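Common to both upcoming complexes is chain A, partnered first by chain B, then by chain C.
Right, the complex of A and B next:
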C-alpha cells in the first residue's frame, strides 16, 4: 500500500514524525488514555459524582457484579446488540448488492435510494428515538396502530410490551444504522474483480451460486471488520433508546450503556458507573480482539 | 451482462426479471426508510385536531405552517440552533486541524511504531464517549470548566479526530509523492509543501472529514447533555430531548416540527455533499 514512496525523499529529508504527531498525541492522552486509566482508579473507589474518592477497595466491584439487576441488563444488551448486528448487516449487504446490480444494469433511482438510507444515518440519535416514538405511539391515532386498524389488525403494544419494546428499539436502530454497513459492503463488493463473475457465468453458475461461491468468500474480511465496528457502535448506542423507551417498560430495553449513564448521572454513583463503564469497555475490547485475531489469521 | 452473449434470449429475460425483483425489493426498503420522514413531515404540518385523526390524515386536510412558526419564533429555539451550529462547526474544525499534521506524518514519513499508532488511533474510536465522560466530568468540574462551549468543542475535537486522521491519510496517500518532490528540489520546506501544495490538492478529503465530523457533532447528545447545565448553552439535540419530556400528546405536532428542524441541517448538508463524502468513505473502507 505504501510502496509508491521513493526512498530518496525519506533519506534526503530526515523529518522527525513527532512534531507532526504532537497535537494528535496530546489529544489522545488527555481525552482517551488518562480518562480510561482514571475509570480504572474510580472503579476501585467509593467516589460519587459530587464527592471525591475517600477510600479504595474492591467493594464497589463486588457490589456491582453481584447486583441482581446486572444479569438482566447484560441479557438485554446481548439481545439488542446481537439482533441489531445481524439485521443491520443483512439489510446493509442486501442494499449494497442491490445497488451494485442496479448500477450495472443502468437502473434509475439507485443514487436517490442510497441518499435516502444515508439521510436516516445522519438523523441525530435523540431525534431518531423521538420520531419512532411517534410512529409507535400506542394511542388509537398512533401511526402504525392506526394503519393496522385499517386492515383490522392490532392495536400492537409497540412500547409497553417488554418484547415488542425490544423489537421496536431494534427497528429504530436498524433504520438509522444500516447506512454504515451499506457503505462498507458497497465498497467491498465493488472491489471484487469482475472477471471472477464472468468466469462463473461462463461455467454456467447462476446468480445464487455466484453469490455463495464468489461474493460471500470475497467479502469475508469486510464482513468480519464490519461486525467489529457495528457491534461496538451498537454496544455504545443509548441516546436513541433513551428517547424512544427510556429503557422501559421496566428494564426491558435498558442496555448496558444506558444503565451506566443512569447509574452515574441519575444515581450519581460514580464508582459503580466506572465499574459498568469498564465492563462496557472490556466487552468492546474482547469482541474486537476476538474478531481481529480471526482477521489476522485469515489475512495471513 | 456476459450472460446475454453466451446464452441469448433466456439470459436477457432472466436479467429483466432480476430488474423487476431489484425494484420490488428497493420499493419495500424505500417504504421502510422513507416512512419516518414522511410521517414526521405530515405531523408537523397538522393542527392538533388532525393529529388525533392518525394515519387517515397522512395528507392533512388543513395543512398549517403554524407549528414551524411557533418553533422558529421562539428565541430560545433559535439559540439552540445557533449553539448546535457553533459547537458542530468549531468541533469539526478542531478535529480536522488536529488530524492534518498527524495524517500527513502517517502518509509521508516513515517511522518506527507507525502502524501500531495508526491502529491505536482507529481503536480509540471504539471507546464509548460515555466511558470517557465519566471521569472527565469530575475533572472538568474541579477545574471549573463545565458549562463552557470551549470545553465541548475540545471534546468534539478529540472524538472526531481519529476518523479524520484516517480519512485524511487516505486522501494524502492518493496525492503522488512526485509532485511534492519537485517542490523539495526547489528548496521548499515540508511545511510550505504541505500548506501550499498538498492541502489544496487534498481539499475534497479535508472537506469530507470536516463535514462528517460536523454532522456527528450535530447529533451528539451525551457530551453537551453532561457538560452543559444551563438551558441557554444547549444545542438543539439536548433541547429537543428536554422538550419531549415536557410536552403532552396535544403538542405532538410541535415536537414533530422541532425534530424536523433539528434534523434538516444535517440531512441537507449530507445529501448535497454525499457524492464527495461517500467516495471519501469508500476510499477509507477499501484501505481499511
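Right, the complex of A and C next:
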C-alpha cells in the first residue's frame, strides 16, 4: 500500500527519529557489531592468543578449511544439533500439552511441575555437565548404573563408549533446554482458539485427530521459530559438553563450538578460532535464513 | 555498677567474645574474598580449587586459618580470590591472554608446565623483595632454573612439586609390581576377585597425557627437541610412543583395567574408588596419600601402599613431576611483594606441610614433622626418575593430541598407528601457526 503522505514529510519524520534511535544503535554497534567485525578481522590474520596480527591473508581460511579433522567435527556437530533439536521439540511439546491439559482439568501441582522444568533452564552449562557427569559415572557405585542394576539392566558405558557418550551429551542438553521449548509451545498452544477444539469434538474427532488437524497446523509458526532458536542455541553449546566429556572419548563429542574453544585455548590460535567462529556464525545464519524464508512463504 | 548489672555486662561480654570472635574469623575468608571488604588496598589472586576452596574439609580449614592469620597481619589489604577450573590448559591460556590485554589478575597460580610460556611472554614481575638469595639457593636446581631469569630475578615461586606413583591395596596386591607385565598380572588377578584391577586417567584432560607420559619417558622418549620442535612421532620416539600406547591399550583390552578409564578426568575418582573398596590399584599423585589418610578409616588406610610406577623393565622407570607456582602479574611493586609473601608465608612451608605436598626447598623437609613418614623416602627415591613436561609453547597441543589419541585407542575407535599419524599432523600444523 502506498503512503498518502508526501515524501518530504516522511524524510522529515525519519530525520526526527534518528536522534532518538541513536543511543540504541550505538549500543548495538559497540556490543554486537564491533566484536563480530573484530572476529572477521582476526580471521584474515595470523594472530595467536599471545601475538597480535602481523599479516593479513586468506592463509588461515585455507588451513582451517583443509584441516583433516574438520569434516569429523562437522558431522559430530550435525548429529548433536540435529538429534538435540528434534528431541527438544518433541519433549517440549509433550510437556506443554500436558500442562495445558492439566490446567484445563484443574489438576493440582501444574505450577510446581512448570517450575520444576524451568529450574533446569537456569542451571549454568558447566554445572549441568558436572551434574550429569556424576549421574553417568561408570564406577561400580555410579548413580544411574546402580539404579539400572536394581532392575537387572546394564552397566551402561555412558561416557567411555563413543556412541553412548554422544547420547549422554544429548540427554544433558535436552534436560537443560527442554524448558525453553516448553515455554514457546505453551504460549502458542494457549493462543489457539478453543472453539476449534469444540467444533472438532462436535464433529466426533478424538484427541489424536484433533492434535493432527488443529494443534500441529496452528503451532507450525511456533515450531519454525523454536527450531531456529533451539538450533542456534545448540550449535553454540560447548560448556556442558566440556564439563561432561571434554569432547571425548577421543573426539566423539567434540562439536564445532568446543573445537573452536580448544583451537583458541590449546593451540593459542586466535585466527584459526576466528575462522571456526565464522563457520559457526554462517551455519546459524544459513539455517535461520532457510526457516525465515519458509515462514515468509507461509505468511504470504 | 550494681552486682546485677556487672553480671549482666559480663554475660554479654563473654557471649560477644565467644560468639563474635569465630564469626569475625569466618568472615575474613569468604568464597570471593580474604580480608575486610572496606580495606583500602586490593590484590586479585587467581588460585586453584585445591587448597583454600578445597572440597576436603581438613585442607580447606587449614588454609582458611593460614589466610586469616596472613590478612590479620595486613589490615590495609584484602585479597579478591578468583577460582580456576580444573581445565588447566584453558585456564592458563586465559590468564596469559588476559594479562597481555591488561586485564589479568595481580597474582596467580601458574602450572609449572606453563611457566616457560609466561616467561617467554614477559608478563611475570620480579618478587626479589620477598625472597633472599639463601632461599633461592635452597631451591632444587631444576626449580631454581625455572623460576629465575638470566639476571637472577625471581619471577615466580614454585611452591610444591609432585610426582605420580602407583597406589595398591595390599590386601589384594601384596607386592609392588616393578614392571608393566607384573602390573598387568596383578591387575588381572584382582579383576578375577571382582575388583577393578588398575585405574588411571584416560579421559579428555591434562592428567591423562601427563600420567601416560611416564610410560613414554621410561623408555627414553622425547616430545620435543632442544628448539622446542615436536619430535615424538619421529624415528625411535615413534616406536617408544607406540609401545607406551600398546601397554595401556592392552591393560583395557585384557580386562586388567576397566573400559571406564577413558572417561576418568579427575584424580578424585581414585579416592572415591579406594573409599568404596572397588579398586585394587591406581596411578595417582603423591598428594593423594595424605587425602587417603584423612578419607579412609584407619584400618582401610593401613592396607594402602605406594610404590614407584612400573616400567617396561625394573630398571627403566620414569614419573612425571609437576607442581604449581605462584607469580605476580602486576607491575605494582607493593602488590607483587604481597603476592610473593602469599607464596612464602602461606603456601611454601605451612601449606605444603598441611597437605603433605613436596616442598621445593631442601630445608623445608627438615623443618616440618609432616615429612617424617616412610612414604616421603619413597617419593624422594622416585623423584630421582622424575621428568618434567617440556617448557615449550607447543606442549599444550601435544597434550591435547595425546588425550584424543588415548581416548580413541582405549575406546576402540582408532588404531594406535593411525591415531599417532593424525596427532603428529595436528601438532605439526599447530606448531607452524605458533
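Throughout what follows, the second predicted complex is superposed on the first by the 277 of 300 C-alpha atoms of A that agree within 3 Å, B and C clash if a C-alpha of one lies under 4 Å from a C-alpha of the other, contacts with A are read in each partner's own complex, and residues count from 1 in each chain.
Note that in this section a contact is a pair of C-beta atoms (placed from the backbone, for glycine too) under 8 Å apart; a residue touches a chain by one contact, two chains touch by 3 or more.
Note that this is a predicted model, so its numbers are computed, not measured.
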Simultaneous placement of chain C and chain B on chain A, clash or fit: clash
Touching partner for A:127 - first (chain B), second (chain C), both, neither: first
Which superposed partner A:261 touches (first chain B, second chain C, both, neither): both
Chain B versus chain C as contact partner of A:63, first or second or both or neither: second
Partner chain(s) touched by A:187 [first = chain B, second = chain C, both, neither]: first
Contacts of A:249 with chain B and chain C, given as first, second, both or neither: second
Dominant toucher of chain A (residue count), chain B or chain C: B
First, second, both or neither for A:140, with chain B first and chain C second: both
Chain B versus chain C as contact partner of A:49, first or second or both or neither: both
Stretch in clash, chain B with chain C, out of 117-125, 243-251 or 279-287: 243-251
Residues on chain A lying within both footprints (that of chain B and that of chain C): 49, 126, 137, 139-141, 242, 261, 264-265
In the complex, chain B residues that touch chain A: 1-3, 6, 15, 18-19, 22-23, 25-26, 29-30, 32-37, 39-40, 43, 51-56, 97-99, 101-102, 104-105, 108-111, 114, 117, 120-121, 123-124, 126-139, 154-155, 157-159, 161, 165, 173, 176-178, 180-181, 184, 190, 215, 218-222, 226, 237-238, 240-241, 244, 249, 252, 255-256, 259, 262-263, 266-267, 270-271, 274, 278, 281-282, 285-288
Interfacial residue positions of chain A with respect to chain B in the complex: 1-2, 4-6, 8-10, 12-13, 15-17, 19-25, 27-28, 30-32, 34-36, 38-39, 42, 47, 49, 52, 91, 94-95, 98, 101-102, 104-105, 107, 109, 113-127, 130-135, 137, 139-143, 145-147, 149-150, 175, 178, 183-184, 186-188, 190-191, 197-198, 201-202, 207, 222, 225, 228, 232, 235-236, 238-239, 242-243, 257, 260-261, 264-265, 270, 273-274, 277-278, 280-281, 284-285, 288
Residues of chain A defined as touching chain C within the complex: 46, 48-50, 63, 67-69, 126, 137-141, 157-162, 165, 242, 245-252, 261-262, 264-269, 271-272
Parts of chain C lying in touch with chain A, wherever the complex brings them together: 85, 87, 89-90, 93-94, 96-97, 100, 117, 121, 196, 202-205, 258-263, 265, 269, 272-273, 276, 278, 393, 396-397, 399-400, 403-405, 407-408, 410-411, 413-414, 419, 422, 425-426, 429-430, 433-434
